[in-house]
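The following pair of complexes shares a single chain, subunit A, combined with subunit B in the former and subunit C in the latter.
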Partner chain A sequence: MPVIRLLSVRLLRIALVLLCVAGLTFGLMLASPIDPIDAYLGPQIAQAGAEQRALIAERWGFDQPPLLQFGHWLRQLLSGNLGWSHVYNQPVNEVIAQRFQRSLALLGLAWLLSTLLGFGLGLLAGMREPAKPTHSTLDRVISGYAYLTASTPAFWLAMLGLLLFSVTLGWTPVCCAGPSGSLSDEVSLATRLHHLALPVATLTLLSTAPITLHTRARLRSLMHSPVATQAFAQGASRRDVAWRHGARHACLPAITLACASLGELFGGVMLIEQVFAYPGLGRATVEAALRSDIPLLMAIALFTALLVSLGNATADGLYRLIDPRLRAQAP
Partner chain B sequence: MNQQPRLTALLSTALAALVLASALMAAAWLGDAPQQMHFDARLAPPGSNYWFGTDALGRDMAARTLAGLTLSFWVGSSAALLGTLIALSMALLAMLGPRWDALVSLAIDTLLSVPHLLLLLMIAFALGGGTQAVIIAVALSHWPSLARVLRAELLHIRHAPYVQISQALGKPRRFIVRHHWIPQVLPHCLVGALLLFPHAVLHEAALSFLGVGLSADQPAIGVLLGESMRHVSGGDWWLGVFPGAGLLLMVLCIQRLGETLRRAWST
Partner chain C sequence: MLKVEHLSLQLPYYANWWRRCWAEVLRDVSLEIHPGEVHAVVGASGAGKSLLAHALLGLLPAPCRQTGRLHFQGQPLTAARQRQLRGRDLALIPQSLNALDPLVRNQRQVSWAAQRAGHTPASARDTATQALDHYQLNAGAQQAFPHQLSGGMARRVLTAMAHVSRAQLIIADEPSVGLDPQQRDRVLNALAALARGEGKAVLLITHDLRHALPIAQRVTIMRQGRCVETAPAAAFQGEGSGLNTDYAQALWQALPDNQFGNPLTSTDEQAQNVA
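Now for the complex of A and B:
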């Protein structure tokens, strides 16, 4: 069964990449000048003497060589123990589970909306008869928008949105995932969506550009193809060709691109959550780095690497599905 | 048809050169103006005295924005240059044999599977922050995509007829690398460096904005925007709008320049 073989090769590759990511993060954390015991003790550092520090180091295995430490960490990781986060005073698993739930709403909505919007805009921009040499106004506007957003700092746009809609107009809340001081169970869906609106809108606007440009290029090449020429000869309008042939022709590549862009999107989530003080995984990442919460930072790196690898593998699989030339090659 | 891209290329080169020149001159011309405090004009809105207003310590935002752009430009260009060098050496390394190729591919896959910003954050964290750490972190996290392009290009060149003929004629490997590989790959490197620059600058600003990048006393654009976040709820819009717009303008110029050059070379 070639499919099963392909899948198992893919999964093995992902496992290998994840092992490398684990090694990389471990190495980076080992190289950092921050002493994990100092970070763990925090302000209590004055109360701990050299003896107690030595005890902690022994308990945590810092006296062992790095390779042994890495092996130990990997074993713990595989048994499901990701360690203790001193910033949130919770096991790392729980921090990630809780925070990811909130980020998932932001990430998922922005991903869906930016894919749909990017695809639609790309179709509109690429919809042009091959005989006309000049760009249409619509095409100019959409491409200009795509190039502009590709150069815009995400956090700056978020800040502008905050200034305009939250501070000046007062339409959207200034921060957080719900009204301050209320428990997360009490917040209604409408309130949640109200708090999500501006972050999702910003993230969507910023992540449409790649899909727009890609779909536009695809559609333009289709408009020059014999398929389109024949359709035009039969009296089809531009809209017919774009919709009947173009949308089908360009939709799988667009989905593929969307799957492969999860890493970039997570970077955006980190910045947007920081601006809107949204308590999700992105903000936890920044907190972990700023306050040297090493177990949390490493776990988040592995977790996001898993997400991105799965996205990349899906993208690759979809490509193989649509392009028979790739199917013949070895993976 | 062929004239238009060239004209655009010329125009964007001129514009980019203008921005570049003003950015480079700014540092010498400004002196210590970005750090000078005017206590009688704290948080002044934009006006005839202070074009971009002043911040909470009464420092001129116009001077700080210019200084920030200079800093961003230097950090961004050194990171892009370093990243291109790493990408080129990795692509050449991949040509040594199938094992090296697999190793380089694994490294590329590994680095690409961690979100860019998170990788940057971790490298900057490991190096302890500061300007140098940011440059190294940006370079280390941005080479993979360019290395992929260069590797594919080198594979293509290696099997090209003229290289095979050269090989059959008994030219040494060094000759082939110097006279066939490098000249073919260099334009890609230049365009690659130009296209890396926007990413490098934006990620440097993002890192400084998050508080892990350049130190808070340097007037980097990311630091300025991070400071302005504290005054957002007060409605002091000029603190954030101008530095961000400056950064956007600079990135846009170089992005367009890179795109136009790439298109001019690929046709």
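Now for the complex of A and C:
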């Protein structure tokens, strides 16, 4: 069965990637100047003697050689246990599950909106007939917007948005995923969306540009190709060519970008969550890194890598679906 | 049906990065095509044949200078009218097989062409299937993608696209290139049938006089963007003494000694000769 072979090859590849990511993260954490025991003790560092520190190190297994520690972690991982997060004082599985739910809303909405918006704007900007000598105003506006947002730092725009919409106008809440002091079960969907609006808008605005620009470039080159000339010779309008031929062809770079940008978007999510104090996976990453919470950080790195790998595998699969010439090739 | 008077065309190029020059690619081209006639335009590569075809359809890239007059069915053929008539009264069989969209099934592409010619989506599908059947493409080939077809089959799909438009003037740009003799004759005969049977005008563009003569009534020889001579196909015989210009005579005399029979029978004859 070619499908089963394809899937197993892909899964094996993803597993190898994950192993490398785990090893690399572990190495980086070992080399980190932040001592996990100091970070754990925090202000109580003065009260802890050398004996207590040795006790903590023994309990956490820091007295063993690094390779043995890694092997131990790997064995636990295979049995489904990701360890204990000392920052949140919870099992890592639970931290990730809770945080990811919130981040998923942010990441998923921003990803979906930016992909659709980017693709649509790219099509609008790129559908210029070769027989028309000048760029349309629409093209100028869209490209200008894309270049501008592509060169805007995420945290800066987030802060500007916060200043304008939350502080000055008071339209959106200043922080968090719900009103402060309320439990997450009590918050209604409308309130959740209200809190999501500004972070999602900021993230969408910023990640639209690459897809727009690539879609536009692909469509413009298609408009000069024999395919478009033939369609124009058949009396097709610009919109007809852009929709029937252009959308199909421009899909390919758009899909690649959309799936590859998952990782980039995740980076953006970290910054945005930091600015909006949104309790998602991004903020957990920053906390875990600053306080040397190795099990949590390893898990998050692994999780992100899995997300990106799955994104790329999906892109490859969709490519085969759209371009029949790729279907005949071996994986 | 179509009358081209003193058509000249200039395209821009950059001599260096600030100075734009204009290259004259067509100069004072005049010709006339009648209904029911196959009119061949013959010339070497770079003579301006394809540009002439694109100029007739209004498909040239933006910065170009065009002078001269075009008339179609007695009325001036302006850019707006070209846009209106493309796909309905004017059809193009393109030179490049890349004109087929690699991501779309053949039958679907042909039905799009029918829709662009004014069919409803439902009738366009039937029309497309009929046209493809007419050009002997079976159901498997109709549902295949362009890269799965041979060159001859792809050519026939392109011909079917022009066929569904019910155009009065069909411009065929090098339809015989890259095909074996039997496939070539099949395509050329299909064009001849369009002119003879349905009273359409066919402008056949080719670089090979041998492909043009069997089906064309009149031949225009082009060279370096100019019309050298327009002569009836009958003038190409013997020593070529019926031809007025040296270039046309030279072109005729340079051909390998060949019999220009009817392509319908030529392959049969060849087969018999082999037997």
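Operating definition for what follows: the second predicted complex is superposed on the first by the 313 of 331 C-alpha atoms of A that agree within 3 Å, B and C clash if a C-alpha of one lies under 4 Å from a C-alpha of the other, contacts with A are read in each partner's own complex, and residues count from 1 in each chain.
Basically, a contact is a pair of C-beta atoms (placed from the backbone, for glycine too) under 8 Å apart; a residue touches a chain by one contact, two chains touch by 3 or more.
Nothing here was measured: the structure is a model prediction, and the numbers come from that model.
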Touching partner for A:T25 - first (subunit B), second (subunit C), both, neither: first
Contacts of A:R244 with subunit B and subunit C, given as first, second, both or neither: second
Most subunit A residues touched (candidates subunit B, subunit C): B
Touched partner set for A:F232, first subunit B, second subunit C, both or neither: second
Subunit B versus subunit C as contact partner of A:G80, first or second or both or neither: neither
First, second, both or neither for A:G49, with subunit B first and subunit C second: neither
Which superposed partner A:P2 touches (first subunit B, second subunit C, both, neither): neither
Where subunit A meets both subunit C and subunit B, residue numbers: 133
Residues on subunit A engaged by subunit B in the complex (per definition of touch): 13, 16-18, 20-21, 24-25, 28-29, 31-34, 133, 147-148, 150-156, 159-160, 162-163, 167-168, 174, 262-264, 266-267, 270-271, 274-275, 285-286, 289-290, 292, 297, 300-301, 304-305, 308-309, 312
In the complex, subunit A residues that touch subunit C: 130-133, 224-227, 229-236, 240, 244-245, 248-249, 322-325
Touching residues (chain side subunit C, partner subunit A) in the complex: 54, 57-63, 83, 85-88, 90-92, 94, 96, 98-104, 112-113, 116-117, 145, 147-148, 158, 161, 165
Subunit B residues within the subunit A interface of the complex: 1, 106-107, 109-119, 121-123, 125-128, 198, 202, 205-206, 209-212, 225, 228-229, 232-233, 235, 237, 240-241, 244, 247-248, 251-252, 255-256, 259
